[in-house]
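The following blocks contain the structures, represented as structure tokens.
Two complexes, one shared chain (chain A), two partners (chain B, chain C).
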Partner chain A sequence: MNLATGPDNAMAQPPAARTPGRDESARLGFRLTLPAQVLVLFIAVFPLLMQLYISLTDWSPLDGLSWWMAWESWNNFYNYYDLMRDNRFWSAMWRTFVVIIVCVPVEFLLGLGLATLFVDDFRGKRVFYSILLMPMMVVPAVAGYMFFMLFQSGGPVNDVLSIVFGTRIAIAWLSDPTLALIAVMIADIWQWTPLMFLILLAGLVGVPQDQIKAATLLGASPWQRFTTIVIPKMKAIIIIALAIRVIENFKIFDTLYIMTGGGPGVATETISVYIYKLTTQDLIWGYVAAIALAILLVLSVFTVYAMKRMAAAREVEA
Partner chain B sequence: MKRSIPFELFRYAAILAALAVTLIPILWMASMAFKPIGEWSATGVDLTWWPKEPTLSNFRFVFGQSDSSLIVALDRTAMKPILSSLLSASFGTLIAMSAGTAAAYGLSRFGSGQNLPLALTQLRLFPPMAVMIPVMIMWAFLNLTDTWWGLALIYGIVTLPFAFWLMKTFFDDMPREIEEAGLVEGCSRWRVFTKITLPMMRAPLASAALFVFILNWSDYLIALLLTTREWVTVPVYMASLSSSMTGQLYGAKAALGLIAAVPPVIMGIAIQRHLVRGLTFGALKQ
Partner chain C sequence: MSTIRLQNLVKRFGDFTALRTMDLDIGDGEFMALLGPSGCGKSTTMNMIAGMEEPSEGRILFGDRDMAGVAMGRRGVGFVFQNYAIFTHMSVRQNLAYGPRMQGKPKSEIDRRVVSIAKFLQLTTMLDRPAKGLSVNILQRVAIGRSAILEPAIFLLDEPLSNVDAAFRAVMRTELKQLQREFRQTMVYVTHDQLEAMTMADRIAVMDHGELRQVGTPLEIYNNPANVFVARFIGSPGMNLLPGQPSESDGGLVVDLGLLGVTAPLPEPLAQALRGHSGEVVFGFRPEQATLGVAGRGISAPVTVVERIGARTIVHLGEDETAIKVVIDNEIDAVLDAAVLVMPQMDAVRIFDRATGKAIGGIRG
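Up next, the complex of A and B:
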């Protein structure tokens, strides 16, 4: 960079670095970021320490003791030992995993397929686009209720099936262990395919058209163009979209809980539902704290990975 | 690029199918909301896809007007939950936007708070379920349980990452020449921020605020854990609506669902342009 250009140069540099008001900047910067820092401390650092402490005890809000007295029921990491052998926990984990493994790829493929149809202009594009995005803006609890109604034994899903198959079908979707899980996943796919569509379309539109034209001139088939130019260009975006959905799906609660409450039995009990039940029904908060910490630890690893990817994508953008 | 006619046909067919799948659940709920009780559940033979005798009785019912055909009357109406949702989501948005905008500006212009991007991203990615035990204890200790202001505080914190990231990408994109001009004229940096930058950023600020509001309004889990009776929000109230006399109050719930679903959908369409940015934390712009 040419340093001798005077006023021009002052504009190019971040003002903080060279103006005499450097102290002022630093002070103002500190003050501006302070509220956010306080909120983060308030919700992250202190609660996590509290959680760690409680997780080492058998404390329950029913004890009548304040949480800081929890040491009276200190149990030497026994909660973590319990966790290893807690079959209900592992089956909830497994179920959450199944939901992720099924929903994320389906949402991705449907979203990508739809997005490829929206790259160039056609009549009605804007209206269709807006409508297709609607499910992700519906309050998840309300979406849960929509699908609860759809899957009633006398509901529209069975009605359509009855018409298609020509006989009266009255499946009790939400009372059957397998079908309930499928219904829950259908609701998730309905609500979140639009997110994939939105992100992937933004990525597709950003793929440089000249490269595609060049490849076309060289005789590449659409499929070849897609796999050799479009997909590699979109790698970072695809990873972000997948990471967001994996993380969100791991938390799946609202729609599912409204539809089935985790039932029948524990057939649709995912990890969030299991923790919710332990928190509000069993009230064994020491154990819940241990589960929560274990999950946070595992997710942290994933998060740092996802963060790096997002940062990399941001670099590319800039 | 010219497309062949078969492709166009395929495209419209695929999009129409997608539109149908997208709209049917929403329309079914809307139709349910206007159905009288006799058409709610189809235990009999025919299912009514469209209300035969459209009525507003479901809406009147959730707002407390007793309806003889429903037998039951509600012990509390939807008024307070709607108020609770509005207050907690609005003030939560205010908290998130104030702290988020200030921090975003501090980082974008003065490089302060380098730890915030990572800290806030982690905050956003963690399941709320996994930190709720300490939050419930703290909220009980601070007398914030079952209050709209307690909800507003936690909403403000939970959506802070979105506010921060959105505003940071907006500030990063903003040309600095105008701010520089303000400084040359002798304004303090604080004056530049409040009198020049913020007014210029009105549109992005509004979009970010709407985005954050939608997220707050959509919450179910946190309100479920932190409110019990007085200040339950619309989704919690809706889920609790059922009666021993009529079973699920389908129509009433659908009416409430419609009330809850309409504002965010309209807002979401209004800020469509910024959705990608908000959802990917600025990793992607549209």
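Up next, the complex of A and C:
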């Protein structure tokens, strides 16, 4: 058997790692993981290539042609050129960006504040903990309906405001372009702050207590301890939490769509809503594929950047 | 520099009493070791001095300032943690500069102090290294420097050598002692290792079960243990303690050790003290302060184990209540199970009350 591994044996001193036994187990490993690899190929690589292919054509399901015949309407990179000049696309991108810029920091700060409270013990901690996590477990579509009802002009939000300000307030939240976006962001913050809280709490608990004590003994105030010890120690986990929420917010859809349907007009039309409308109403799937690929590219670049930052943070701590 | 006075200090955690009535005066510039087995209350005492825990009762005075209610960052106490608690996400320089930076000192002053402390601790070449992954002796110096830069009156060290491997401990001990001599600060050192306490401390406070058992210089504690706990705890191996009954004989007062035999007459001052005492006693002598001879009259017991540890040999005799250890310089041809005569140096013998465990006969040099 050893003789059969030709090239290795021919070398005078094969490196230790390339022993015949290793080769054998590597080959066995490959064979054992082959089904999984084929599966990955079909669920990830194949759709990606299919998407790329369609994005280079004007194919639409209305054409009556199967997708692999899409080459008949080949248009080179015209979809991508279109994308650059599509104002509705850029507006949707901008709105998505606004949602990220507002929701992620708010969720982060609220989550961090709550997590800081939950590091210490207090009466009823477990009960509050469970209550806090509940929004996260609500199905997004249900949350959408909840907030749809809450923000009706005769709904509870206006009732509360009326009581607070002492006069009858009837704001048409979901019909006003600015307020609708705010309402949508409030719903997102309500639902996803718990996730931020959960991740950050895990990070906070992992901060070495003795270093915090040492900082205290060196005269650091609670705020100084927080900024010089706690936050730097949590850097990696903060990056994870932020990255998860940025990516998720980029794809914000379900709750929002049920609350406003992207309206009034296109006031809350984020990128996912825009894609959804193009797919189901305009049926220009070649163009949709181009947008989806462009977004994938943006998110991939962002993710790689976040991962790199996280690895660097990991390197420094621990 | 400052004295520390602990007055009637008590600490309870719920139903558990970690420390019962501790009184201790630590002198200015003194190196005091708190020594005891784990759970004896030594760390609790230290944490209360540092202000990490509030005493349940009693007072802590630095000089004549009562520390009650003074927050831990404002006591002027340097604290070196068991694992040093170095800020691993910072450089050595940032670690050293941490205290003054938190106090909002101007940058030029911080730089000057960091440079001078680094020079003193021979850390100058390390300043810009990340604190992560430094060797323990450098970590120890950084930990000390980080506290010392604030010029604390008092230094507290919580078992700083317990994570260090045995071979390196001797080096670290020497380094620490030298640093203390140069800083001349009051130091309180918590340890369960008597070797560390004996070699470094000016005085040792031996603690057990939340009580202070004895305070004294290392030699006082070694030579004149105040009670059986200290006698057994200090020394390696600890003192031989054999229950017996004093009785008069021709040569003077002796102790009848039952099956082991009868001791030689006690020296006069000790006999004098013992004559006024009634009840059973414990006859104690150090394993190093006895010799072995051929069987005859006196304490006699069979050899059970012979441990040869190179320079010296530990001979174990008897068992259970009558177990005796004798450390001798030379190799002997001890025959297992053969009865051997144990001859303690009678002037080094100590006698304890069997009921109370306290030493009888006062302090002798």
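Things to note:
The criterion applied here is as follows: the second predicted complex is superposed on the first by the 268 of 318 C-alpha atoms of A that agree within 3 Å, B and C clash if a C-alpha of one lies under 4 Å from a C-alpha of the other, contacts with A are read in each partner's own complex, and residues count from 1 in each chain.
In the analysis below, a residue touches a chain if its C-beta (ideal position, glycine included) is under 8 Å from a C-beta of that chain, and two chains touch if they have at least 3 such contacts.
These figures come from a predicted structure and were not determined experimentally.
With both complexes superposed, B is the one of chain B and chain C in contact with more chain A residues.
After overlaying the two complexes on the shared chain, residue contacts for A:Pro232 are found with chain C alone; chain B is out of touch. In the superposition on chain A, A:Ala220 makes contact with chain C only, not with chain B. Touch criterion not met for A:Val104: it reaches neither chain B nor chain C. Contacts of A:Leu112 after superposition on the shared chain: neither chain B nor chain C is touched. By the touch criterion stated above, A:Asp210 is placed in contact with chain C alone, chain B being left untouched.
Look at A:Ala183: by the touch rule set out above, it reaches neither chain B nor chain C.
On chain A, the surface touched by chain B in one complex and the surface touched by chain C in the other have residues 317 in common. Taken in their complex, chain C has these residues touching chain A: 50, 52, 72-74, 77-79, 81-83, 85-90, 98-99, 102-103, 130, 132, 146-147, 150. Across the interface of their complex, chain B is touched by residues 10-11, 14-16, 19, 21, 24-26, 28-33, 35-37, 39-40, 42-44, 46-48, 50-51, 54, 61, 67, 113-114, 117, 120, 122, 128-143, 145-147, 149-150, 152, 154-156, 159, 190, 194-195, 198-199, 202-203, 205, 236-237, 240-241, 244, 247, 250-251, 253-254, 257-258, 271-272, 275-276, 279-280, 285, 288-289, 291-293, 295-296, 299-300, 303, 306-307, 310-311, 313-314, 317 of chain A.
Residues of chain A touching chain C in their complex: 208, 210-211, 213-221, 224, 228-229, 232-233, 235, 316-318.
Across the complex, chain B meets chain A through its residues 1, 3, 8, 11, 14-15, 18-19, 21-26, 28-29, 32, 41-43, 47, 49, 95, 98-100, 102-103, 105-107, 109-113, 116, 118-123, 125-138, 154, 156-157, 160, 164, 176-177, 179-180, 183, 188-190, 193, 214, 217-218, 220-221, 224-225, 234-235, 238-239, 250, 253-254, 257, 260-261, 264-265, 267-269, 272, 275-276, 279-286.
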